[in-house]
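Labels for the chains are A, B, C, D, E and F, by order of writing; each one numbers its residues from 1.
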């Protein structure tokens, strides 16, 4: 109970800060925490990336194996995205099959990769209707410091860019890089006291009335969105986040040139 | 899956003859189920969807109760036979996600504070699916909540907008959804407040803005259909005999 | 608690009625509530029927796809029957995998279809041991107003009579009607104060000491039975239900000529 | 599955030499297990079945308790190796149904009112299956309940009747069950009160009546075997040493 | 609660006995209870054995069917071992999927069979990479009187020695005995008050600080071990159990000549 | 799986150049995670493993609480991408067994009596697996428990010993594990007290004794690495800037 009281006091404190245009850690409302991306960290994976976004740490591993296409899309490869909110990462997470939250994260990240056409799925078809490459994107959250979706999105595309098609292992020709042709980046804002704030920390995330994610591509086009949480947004607020997201994503995309 | 049509819009008309800003035909039947506290059956184009509401009622297990408000629970489910390839009964990852954002779409309008420790359960069963089941389900849920007498700020009205042949269009049908360039399901409460928003595909910033404005127009149209259904049900005028469903062509509703 | 008291008072009331030879809704003991059958309501299904039996509403959908036969019956098609008591249909039903009650309903309905040989399963074999048609009977209870089994049984055979074998979709020849050659009908009686009552309403069903279902065919032969519930029956009572069931089923079977 | 025999009955004798109204050989062993409060092992033709009873004992979770009586729980399970094709361990839809109607078969005879809030657990394990495992399981359960000292109105006795070669016969063996025309498992308490009844196949009304009357004869025979097993176990005469199972040919039991 | 008090008094009693070098049933610390092995008891299984070890009764059944090998071992047969602690066997056991305890038992028994190379798995390959024999070892505990692991181990190898490869049923040639070439036997000791005691009874097992199993073969070599429980062991204690286990296993192995 | 090498030991050197009694290179990083109460990242040869500890904290559901001591819970999990063929997320029978014996390895050293009714949760995530993940995980868990300030009798140190080319060797690498003659994972607390012991393969009694003695030497080496990691972390000397991981060649640790 006293935990709850402390939490409420802290919420009030953060709320008052926001009304003054400030954040606990001194960031501007549209400012991200430090991001670092380390690729190739999981050596048994075909590709991998460890993303650190403030306190948040996420390891994304890519595994690839030959398999059958879906019957209704016989000529393209398959993407399967899974997120594990393992109990190591947060006292709130529990062991067991993925719940609502983990499923939503995986599906939003998947939407960005898929709808941006970042992966050239046609090139992953070996024999139409019979044999295609199956790409498993496994998002392993190690430390939940807030804004899991953006870190997972950044980690997933970073890992894919770092991925090799393991053709030799399966006697299917020579290894080659996975054909990736865009860098979709998810940017998440929370609405809080009427303000829109990017890259919410764990504490800020708990205050959020609404969480709204916009995924943009290299051409600044939009390829995915997800609103969740109980508070509504106006059309104006939505468009403001769209604009903030485009700018923030472009900055993060530059990171990928450094990797 | 059928083949992609060469054109989606010819001479301003879509494959099913609609204009770009026109809804599919909608048929609403209130209170079709008598066990539930409120219910609504909706036919939305070729979609057939049943919604039912139970509550406020005791929430079990107790540790899930909220001391200060009702917990809204939302379960979207597709019947095994609602689509071309049979669906294995039970939750899928897709239905879990749709249930979550469906729930979020209603939290704002339901006066949950009036009913601490209780649950308000909304059940959506898709009996025949075309495209747009999640938004049609939200529309039916909104009416089922009203039918159950749950106090709300107002109705939630939903529709999808999308892009085909380079144009922004309202209320995607199956072919437009499968082969179109974008799909944006939206739900709004009174005053254009967005309570549900997702997006798939590819749109520029300006196309998306145009889409949102068209969604507003669409949600207004839906609201009128919903309001009319409630009036006809709860005013004495409502003919109990014969066909008791309300079939609306958009023209009627627009008046 | 006061709910329980009300329920008990209502039970006493119904009990006393039965002792006087009456039912709450004025029906005779062997009289069914109104039945309506609407077929073809679920357009994506190969066959479907919406049955209304008093307040009870059940939608049965049939899906058919090619698949492998069971190893011990390589030359006949497969029937898989499933019942979903979805939480929409009753405050007592819960989400989750089918429980005892739903499994019993599905298995009794399945027994009637299977044992009556209503479907000519030999005709559903395409290549012995390799390829047969698999018939999925999915019973979707929308509103539980009592006597689910009989409504599900009526809905299932009505849906099957309305079913097309989707051969064209799978490139397996021309579509044709599903070969159905009998109309098995389940009739359920409850025992209550020594009396035998057909088509129990929801309230009557809660009073039942015993629930006893008899499935008869067009030739008035019996092809399935199930007794459940805690009270025993005498041989005489059993035979009385058998006779009542034959008469009631014949009347319902006439409905199928109207559809 | 083997081939269907051309005839099931030749010169009044069935494939295993039995008359049409004769049971398979039955071997009963009481209290084979010492952890359970009561237990019974039965060999019924080629079926081998173990039954155990625990209780009355505390029922968890508490919300499943009944304030006015004991809850009878019944779990019928087939060992993975009990049939020709290995069964995946765990519940099947078939075992769930058999467990339900098995439980119903005993509610009438057990004095559940004596033990409010408790559970009486009956476990049936089929170790080798031929045909008639559900009725043989009920017979073993009945004795295990008696062995556990659970107060009952009387024993429940069960057998199947069926139709082969156009004749009504008692206690179907495997071939008769697989290829016969009907199978009617029945359980009866004292006075011919039917506590369990199912039916598969095809029978006319009069054939069914004939079948029920034969089932009554069969259940009476079973009752005598059960009673004898209890007497031999609980009378001082019972030889503790050597072979302590009771093997009954029907002739013995009929006397 | 009074159950707990009785249990504690009983524990103290057993503890004091052990300090005097005695056991409740008069056995020496390295002495097994009576063992009986009856094979062929489950007639539908390809092999089976009912083991009675004191009050413990375990039925092990072997089923064999053709199937695919594991991809990384394409030229050998497959062993799948499963243990069911059915609720019949003990008031502590619950229905449901196998828990930790049942999984550990199955894996330790499996380890002994596998690592001793008791079954000649090469001989179970029919077509490399495609078709091998799959051996299912199902351990069915009927009555838990303590020391389940040893009884399960004895029952498993006894059942395997009694097993026929059912080639005829699958049209794959003539039936033949399963090629078994060793008799691995698990011997379990508990540590209790500094003493090491073999074949713990149910009551002794509840006292155990540590449970330590050693599996030896006909050549007295070791092919498997498992320590579980909270108390540590010294190297000396471990070696004492190894020696006790070798002697005890040799005695039990003699039983197999009698069968 | 790769081919079996013809020899594992040539001129006293193993495939990766180690002596028979030499550990692989070890890199330890304390407190890499800030949500957990304690954590440790370890690279052990090509293994990469993260350990985290939460607790003592309230244990739910309450019926799992122990009135007299803390319940130690241990969850060993392999990331889907940690091995060559993707692992389906969730528990496997292997991970359940490793979790159980991992838990048992710590019960003796943790002062559980200090924290009745609570849980002490240890989580092991294998991010990259070579061979010896269960022992490397125990080593990381031991440091994460210390990092969380859980009172213990001392550290637990673990390593595997095995047999290849007829020789007993320390700390099996992948090829030695796959194709070797035996694998014996061992964990020891202070004083050589064995808290974890398993064995696979084939060893004579004397070989096993030799293996145990080598395991003792190995665990002592591990203990020194663990101790040094704690000292460097908690003494002021520890350089916070730059590379904060401790990489140990065995020579360093042996001094």
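Here is the rule we go by: a contact is a pair of C-beta atoms (placed from the backbone, for glycine too) under 8 Å apart; a residue touches a chain by one contact, two chains touch by 3 or more.
Bear in mind that the values here come from a model prediction, so they are computed numbers and not experimental data.
Undergrad: Going by the touch criterion stated earlier, list every chain that contacts subunit D and also contacts subunit E.
TA: none
Undergrad: Using the contact definition given at the top, which chains are in touch with both subunit B and subunit C?
TA: Common contact partners of subunit B and subunit C, which must touch each of the two, are absent.
Undergrad: Based on CA centres, what chain would you say lies at the far end from subunit C?
TA: Of all chains, F has its centre farthest from that of subunit C.
Undergrad: Half is the threshold here, strictly exceeded: which of A-B, C-D or B-C has more than half of its contact pairs identical to D-E by residue number?
TA: Of the listed pairs A-B, C-D or B-C, the one copying the D-E interface is B-C.
Undergrad: Can you name the chain that lies farthest from subunit B, using the mean of each chain's Cα atoms as its centre?
TA: That would be chain E.
Undergrad: Centroid of subunit A to centroid of subunit E, CA atoms only: how many Å?
TA: Those two chain centres are 48 Å apart.
Undergrad: If you average the CA atoms of subunit E and of subunit F, how many Å lie between those two points?
TA: 28
Undergrad: How many angstrom between the C-alpha centroids of subunit F and subunit A?
TA: Distance between chain centres: 32 Å.
Undergrad: Where the centres are mean C-alpha positions, what is the separation of subunit A from subunit D, in Å?
TA: 59
Undergrad: I need the residues of subunit F touching at least two other chains; which ones are they?
TA: In subunit F, residues 85 touch at least two other chains, as defined above.
Undergrad: Order of chains around the ring, counting from subunit D in the direction of subunit E?
TA: Traced from subunit D through subunit E, the chains around the ring are D, E, F, A, B, C.
Undergrad: Name, in rising order, each residue of subunit B that touches subunit C in their complex.
TA: Of all residues in subunit B, those touching subunit C are 32-36, 39, 46, 48, 50, 52, 54, 57, 75, 77, 79-86, 89-90, 121, 123, 125, 127-129.
Undergrad: Any idea which subunit D residues touch subunit C in the complex?
TA: My answer: residues 1, 85, 93-94, 96-97, 99-101, 104, 107-108, 184, 188-189, 192-205, 208-209, 212-213, 216.
Undergrad: Provide the residue numbers of subunit E that touch subunit F in the complex, in ascending order.
TA: So the residues of subunit E touching subunit F come out as 71-72, 100, 103-104, 106-107, 111, 115-117, 212, 217, 220-235, 238-239, 242-243, 246.
Undergrad: Which residues of subunit C touch subunit B once you look at their complex with the stated criterion?
TA: Residues 41-45, 48, 55, 57, 59, 61-63, 65, 82, 84, 86-91, 95, 97-98, 136, 138, 140, 142-145, 169 of subunit C touch subunit B in their complex.
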